[in-house]
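Read through the structures below before going on.
Presented sequentially are two complexes of chain A, the first with chain B as partner and the second with chain C.
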Partner chain A sequence: MSLFLIAALPFIGAVFPALLIRAGRNAASLSTGAVTLLALVGLLVHAPAVLRGEVVTSRFDWLPDLGLNANFQLDGLGLLFATLILGIGLLIITYARFYLSREDPMGQFYSYLLMFQGAMVGIVLSDNILLLLIFWELTSLSSFLLIGYWKHLPEGRQGARMALTVTGAGGLSMIAGMLILGHIAGSYDLSVILQHKELIQASPLYAPALILILLGCFTKSAQFPFHFWLPHAMAAPTPVSAYLHSATMVKAGLFLMARMWPVLSGTDLWFYIVGSIGLITMVLGAVIALFKDDLKALLAFSTVSHLGLITMLLGFGTEAAAVAAVFHIINHATFKAALFMNAGIVDHETHTRDIKLLGGLRHLMPVTFTLAGIAALSMAGIPPFNGFLSKEMMLEAAAHTDWAGVAWLVPALAVFGALFSVAYSLRYIAHVFLGKKRHDYPSHPHDPGPGLWLPPAVLVTLVVLIGLFPNAIATPLVTAAATAVTGHEVHFHPALWHGLTPALYMSIVAVLGGLLLLALHRGALAVWNNLPRPEAKVIFDALVRGLTQASRGITDGLHNGSLTRYAVIFLIFTMGLGWYAFSTGAFGPETHETLPITAMPLLGWFCLVGSSLCVVAFHHNRLLSLVLIGVTGLMVSLSFSYLSAPDLALTQISVEVVTIILLLLALNFLPQETPRESSPARRIRDIAISVTAGLGMGGLIYAMMTRDFAMPSISEYHLANSYKGGGGTNVVNVILVDFRGFDTFGEITVLGIAAIIIFAITEATLGSRVRARLLNRKPWKPLAGDAHPLMMVVATRMMMPIAFMVAAYIFFRGHNLPGGGFIAGLIAAIAVIMQYMASGFGWAAERQKLPYHGIIGTGVLVAAVTGMGAWFNGLPFLTSAFGYVHLPFLEEFELATAALFDLGVFLAVWGAVLLALQSLSRYAWQPGIASEHPMDINPERDDAEIEQEGH
Partner chain B sequence: MELLLASAVGILTAGGIYLILRQRTFPVIIGLSLLSYAVNLFLFATGRLALNQPPILNKYAEVGYTDPLPQALVLTAIVISFGMTAVVLMMALSAYLASKDDRIDMTDSDAQGGEDA
Partner chain C sequence: MSQIFEYLIAAALVLGGIFGLVGSFGLVKLNDPMSRLHAPTKATTLGVGGVLIASMIHAIASEGHLSWHELLITLFLFLTAPITANFIAKAHIHRHETPQSLPPAGEDGLWATHDVPASPEAAPTAPLARD
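Here is the complex of A and B:
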């Protein structure tokens, strides 16, 4: 089976339990199991080749420019981990089916589990570190869902949050580290990176990359001082704990250290960080585990301790230690998963996990006792079980490790840790199963059905078999995995008896010491309870609280709901940037000749500046400021006209008309005066800011206008090709509909969206209680006596066809002379608005049959379809075509697809302007507004009757 | 000439920003319009100024043309700024109608969810 499929199967399969849960819990668990089994079989098909030393790969260039390739590879290490993930996954799925109660949503559980499984398989099979990072983050997310599965429990939610925070933060630092590593090696493909040991270790960026990557590994694998999240994650259902904390999640960090071992290890930095942290974690975890009364907490800290052990072995950097680490990964996964499931059985049957309430269970639960006994003895490192073998190898490696010149330190601490390990492992047996039968269990315990004890039994069988026949069962896999880790052929021949080595003596000391410690447990506990200990959760919570408060403080300071404040911050920052750019950049001499100032422009300048200053000065009178800004707009339009921009002048003047009408309509509903409420200090501040900004903008454009282009502009191309390539002489229009047609297409879409937003706001407002207020509104001034003056009605109706004619004329000539779709759309809109104004909303709306949304949509569609037409000729989107046609009796004329595109622009602009104005007009509608028959010549109506009513 | 245009841009910008910093919706919208005039003139002027040289190709004579590209950009910008003004105006109007207040800054009670929320 392709490696893609193996990694993808769990994700695809995650759909099944979510759907099949409707067919019952068996269907959900069977489908989950089937998916996992399929992936496992697909994996094991490759096993013979991998065990021979081959590497199976699947390559797919996903985003090669970014170095992100969906490359997968399967070597010994990947095989080892993938087998653990899928194999133990299968057992957990079986176990969970019988563990979860009827109230728990099992479909969700299995979906989360499969997503998590897929992410883990993805990590161990990735051959690209960017891909690996994606899967890495996915494990953090999916484990969050699994740990917080019991959403109703606050511990579950807090534990999930803590796990996500710690592992997520580590994941972020890991991203940084991996990017640095990829930068050093020049590739993000693992297989390439692993070839460049010397290059990477010689780089000055080696230390930061190493530390960042290790932060990710340590947080994931719960190494000191990040170990605290793991015990809190025990609030999850036991199947989750058994899966995440024996074989998968926490092993991801170890996997990555092992994967990167060939390039990152072997330096002093690696030894002192990884070795020391591992050693501390091993000892600390073992000591704490002994004093925990909660079964799962004991196992959690024991997990922390064993993870520390493996980390330490990887940290030693020697080949023998790496082999021991790989071997212990297998052994730990088997006995720890079995023990977690065992703790779950005890919890399930006795309804408590408190060791103080337990004891004597061996009489009531013989099967459970047997399984727990073997697994715990293996954890303690007692022969002939597999834990003994790897622990001996660990002690052997520790015995030969010299820490900063102190030869006894590492062996002594290793024995100390092993001693506590023996003590807590035996305590699991002695204080839970041995002793007298009690009569005060919270429930009536007895052995569960095979659904619960079979999965751990499978693992316990492995514990025994690996212990007795290590060479037959474990050697091929361990050799292949260790070869992949070290990059050399390794020889691995474990044996229960290997002579009187220092490791054996250390083991004996640890076992005897552990027994003694267990006997003295009560006294040791009293000592422990009197020791001052920092509580990690309190520190973590305080840290999170502090960070939350700090970020809230910053957010509230910057973002207090005052638009003015945002504007001020933005303006000052922008001006600062501008000043910085100006003071650090080069500023050449004036090269561009300036135009002389003549009388007309000077007059125009006075009007423009005068009107805009008046807008500011009289802004408290809103109507007056509106009139004045109309003048400003007109002057701007004239400036365009004067400065050789006829298209802009036409557009500006027509936009000006509709904008002013819109603002006038709105002002009808708003207060007519703006109160004077700014303090003088505030006014001075605002004047200072705005004058500075004005000086900056004016100065900048003056500097630009008095200098020539720094490099040739692309405008030359447009001028040269407008007629040849676009078939039009109005270069601005050709740019709009042809050269930069895609921009224009985007812009009419945006305009259409804006109009539809306005429509939506109107609908929402009119659907609320505002409508009643609008209907009962009293005019703030007496209305004009004649709502629809005869003169205006007649004039606008006469003008309508003429205005449309002008629009059509402007539209058609646009390609060659000033005009085009934008301007024509605005003119046509004004023609209709005139009818609304003169004859009333009701009258005009009745005659307007086409919905404006439809017109906008048609416009955008016409433009899009025109653009797509080019595809049929094998050309890119929006390539235009044109030709010249000669019909009898007519001059030769041009037909261009650009005109069709411009038609789309026309429709979109027309519809958008009218939809905006029409929406606003709807606010004004009140019952009884005289708009029923304004000046309509209708023979069916009896005007005399209306006349009489009026009098 | 350049000086006239540059000073006009500066004055329009200053006026626009001053009005944007007011505390009621209507002056802010007016200020936004002034600022869009300034920005449009600014963009237009990046093509440098020219008299009587519209970018309309003359088939019969060799004449100079002004830079057409900024004009095309400004043309769409003018239309888009209409759309923007219209949306902001509708938001301001609806907010005023709903809350009978046209202040733009949140008061403390708004920040805590407001009485209407």
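Here is the complex of A and C:
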């Protein structure tokens, strides 16, 4: 199976459980399992070749300009991880089917799980670090959904947020690190980067890149000091914990360190950062785990400890340590997933995870006890289980490691950690299953059905088999993976008996010490409880609160809602830039003659300036200022018309009409007067700034228009190519639908989104308490009768077809003469708005059958499909085509795809304007406001009849 | 262009100008709003009409074809001017007149502008209640 398909299958499959949950929980879980099994089979088909040492690749240039290629490769390491992810995934899916209760939305669970699985498989198969980053972020997001799956639990939500914050922040720093790495190596392909060890390690950017990447790895793999998120993520359902925190998500950081091992390891920096952090995490996690009473918390900290162990081994930088790390990844995944599922069984059956309430379960749950016993002994590193083998290798590697000249430090701490590890592992057996049977369990525990114990049993079988026959079962995979990690052939021959090595003595010390510690657990706990220790969640919460406050402070300082302030900042900044440009730049001589001033433009100028000044003077009366703004708008469109810009004039006048109507509607809900808020000093400041800015702008425009441009303008190109290339003589329209078609496409999309947001805000507002206030609103002045006057109604009815015809006319002539989809859309909108104004919104809306959302969507789609049409001609998106058609009885006419695109613009504009208007109108709704008749006076009424009824 | 057309155009323009002036003067001169409403009607109908007629004659005379734009403008003026006047009158009645200060409305009892529905529930849709 192609590697693309293996990575894509879980994502595609995520649809099935979400849909099939309607057919029952079995259908959902079976479909999920089938998808995973299919991907696993597809993967294992490649296994023989990979184990022989070949590398399977699938390559596809996705965005080659960015260096982002969808390249996948499968080598030993990838195979190891992908097998773990999909294999354990399959067991978890089975387990979850029986673990989740009837109330839990199982379809969602499986969808999230598959998305997460896909993201993980993507990480381990990526051969491009940018692609890897995408999958990396996807794991953070999907694990957020999984950890917070029990939305009703505050711990679940907080844990999910914490995990997302920590791993997300790490992911961001990793993006930076990866970009630096790619910059050094000159390629973002892993296979290329891995060949440039010397180049990368010699680069001065090596240290920042390393630290940034390690931050990503450490946060993901819960290394000290970021280990705290993992125990809090235990609020998730147990299948999630078992999956994310034993085999997959937390191993992603380890995977990346292993993947980058050939190029990043081997330096002192690597050793001291990775080795030390791993060591600290291992010891710290093991110590805390012993003192946790919650089963899952114990396992969580033990996971932290084991992750630290693997990190430490990778940090040592030696080949033997790397092999041990790879081996331990497999072993840890098997026994830890089994233990998590086991803890889930105990929780499920006894309804508690508190060790203090448990004990003696061996008698009641023999199967569970057997599985837990074997897995925990393996975790403790007791022969003949697989944990023993890798722990021996770890101790062996630690024994040969010299930390800054202190030879005993690493071995001693490793033994110390192992000692605690033995203690907490045995505690899991002793305090939960051994001891006397109790009679005060919160429930009546008994062994669960096979659905719950079979998945951990499969893993426990592996634990035993790998322990007994490591060479037969684990060697090929470990060899292939370790070869991929180290970059050259390794030989791996684990054995239970190595002879009397230092590691064996260390192991014996650890086991004996661990037994002793467990015996003294009560005393040790008292000591531990009296130790002052920082609470990670408190620190994290304080940090997050501080950051939130800081960002709120900055945001509120800059965005305090005062439009004046924004305008002042913007104007002063712009004027500063302008002044800088003016004082440093050269200033050419005046080359253009100014036109003589005649009477008409002078009159227009007075109207324009006068109305603008009047707006300033009378802006406290909002209705009056709206009228004055209307005058300004009309004068502007007249000036456009006078200055030979008919397109602009048409646009301006239609935009003006629509805007004024919308503003009038909004004014209905606003105070009629703007209160005086500014002090005289502030007003003088504002006047000074705005007058300076206005004069500066005017001066700039005057200077530009009286001179030749410093560089050739693009207009000549447009003028020359409009007809030749775009098939239209209206340059403005050809620019809109052809030259800058992609811009227009973006703009209509944004316009549509804006209208839909207005609709959404209205919907949300009307769903809130505001609705009651709107309904109880008292008009600010007495209402007049005859809201829908007969004359107006009749006239608008007459005007409607005319207006639509004008819109059609403007639309069709647009390509060659002033007009186009935008203006036509506005005119068509005005045609409908007139009906609203005359007969009332309710009456008109009832007769308007098309939903405006649909019109907007159709518009954007029509534009998009037209643009895509170019692909069939092998041309880029939105390339327009045109031709001339001759039909009998008609003049020759032109057909252009640009017109179809323009149709999209037309529909989007029309729909957006009307949706915005409709949303605003809904605020005014009152019961009974919708009229039954188009006008208040029913011309059909029979006066005589009414007269009779009245008497 | 023959002399006669020029005279015709000039006459139409002067006529339009006079009516425009009269309309504007009336707007300033007349005292009460309802009377004032009459003045601009002269400007919109005969005043603009004169100019439009001049424009049509000019099109026929100098360009040799009949221009329809002017007729459309006339149509739109005839459509919009009465409605505007109607609305101004309604606004005036609403804000400055009471049912007592107006002449009787005949069989309907109240002028429509004063016939405010009692509450939103008493829909304005029902045939107007009387008595």
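To be clear about the criterion, the second predicted complex is superposed on the first by the 580 of 951 C-alpha atoms of A that agree within 3 Å, B and C clash if a C-alpha of one lies under 4 Å from a C-alpha of the other, contacts with A are read in each partner's own complex, and residues count from 1 in each chain.
By our rule, contacts are C-beta pairs under 8 Å (C-beta built on N, C-alpha and C of every residue); 3 or more make two chains touch, one makes a residue touch a chain.
Because the structure is a prediction, the values reported are computed rather than measured.
Novice: Of chain B and chain C, which one touches more residues of chain A?
Specialist: B
Novice: Using the touch definition from the top, say if A:128 reaches chain B (first), chain C (second), both or neither.
Specialist: neither
Novice: Mind working out whether A:378 is in touch with chain B, chain C, both or neither, as first, second, both or neither?
Specialist: Neither: A:378 stays clear of chain B and chain C.
Novice: Is A:926 touching the first partner chain B, the second partner chain C, both, or neither of them?
Specialist: second
Novice: First (chain B), second (chain C), both or neither: which does A:791 touch?
Specialist: Second partner only, chain C.
Novice: With both complexes overlaid on chain A, does A:783 touch chain B (first), chain C (second), both or neither?
Specialist: After superposing on A, A:783 lies in contact with chain C but is clear of chain B.
Novice: Touch check for A:799: first (chain B), second (chain C), both, or neither?
Specialist: The answer is second: A:799 touches chain C but not chain B.
Novice: A:281 in the overlay: touching chain B, chain C, both, or neither? Say first, second, both or neither.
Specialist: A:281 contacts neither chain B nor chain C.
Novice: Okay, in this complex, where on chain A does chain C touch?
Specialist: Answer in residue numbers: 782-789, 791-792, 795, 798-799, 926-929, 931-933, 936-938, 941, 943, 946-947, 950.
Novice: So in the complex, the part of chain B that touches chain A is made up of which residues?
Specialist: So the residues of chain B touching chain A come out as 1-30, 33-34, 37-38, 40-42, 44-59, 65-69, 71-72, 74-76, 78-87, 89-94, 96-98, 102, 104-107, 110-111.
Novice: Which of the residues in chain C end up touching chain A in this complex?
Specialist: Residue positions touching the partner: 79-80, 82-83, 86-87, 90-91, 94, 107, 110, 112-117, 120-131.
Novice: In the complex of these two chains, what residues of chain A are touching chain B?
Specialist: Answer in residue numbers: 560-565, 567-568, 571, 592, 594-597, 601-602, 605, 608-609, 612-613, 615-616, 619, 622, 625-626, 629, 632-633, 636, 639-640, 642-648, 651-652, 655, 658-659, 662-663, 666-667, 669-671, 674-675, 677-678, 686-687, 689-691, 693-695, 697-699, 701-702, 704-706, 708-709, 713-715, 718-719, 722-723, 729-732, 735-736, 740, 743-744, 747, 750-751, 754-755, 757-758, 761-762, 764-765, 768, 770, 773-774, 816-818, 822, 826, 909, 912-913, 916, 919-920, 923.
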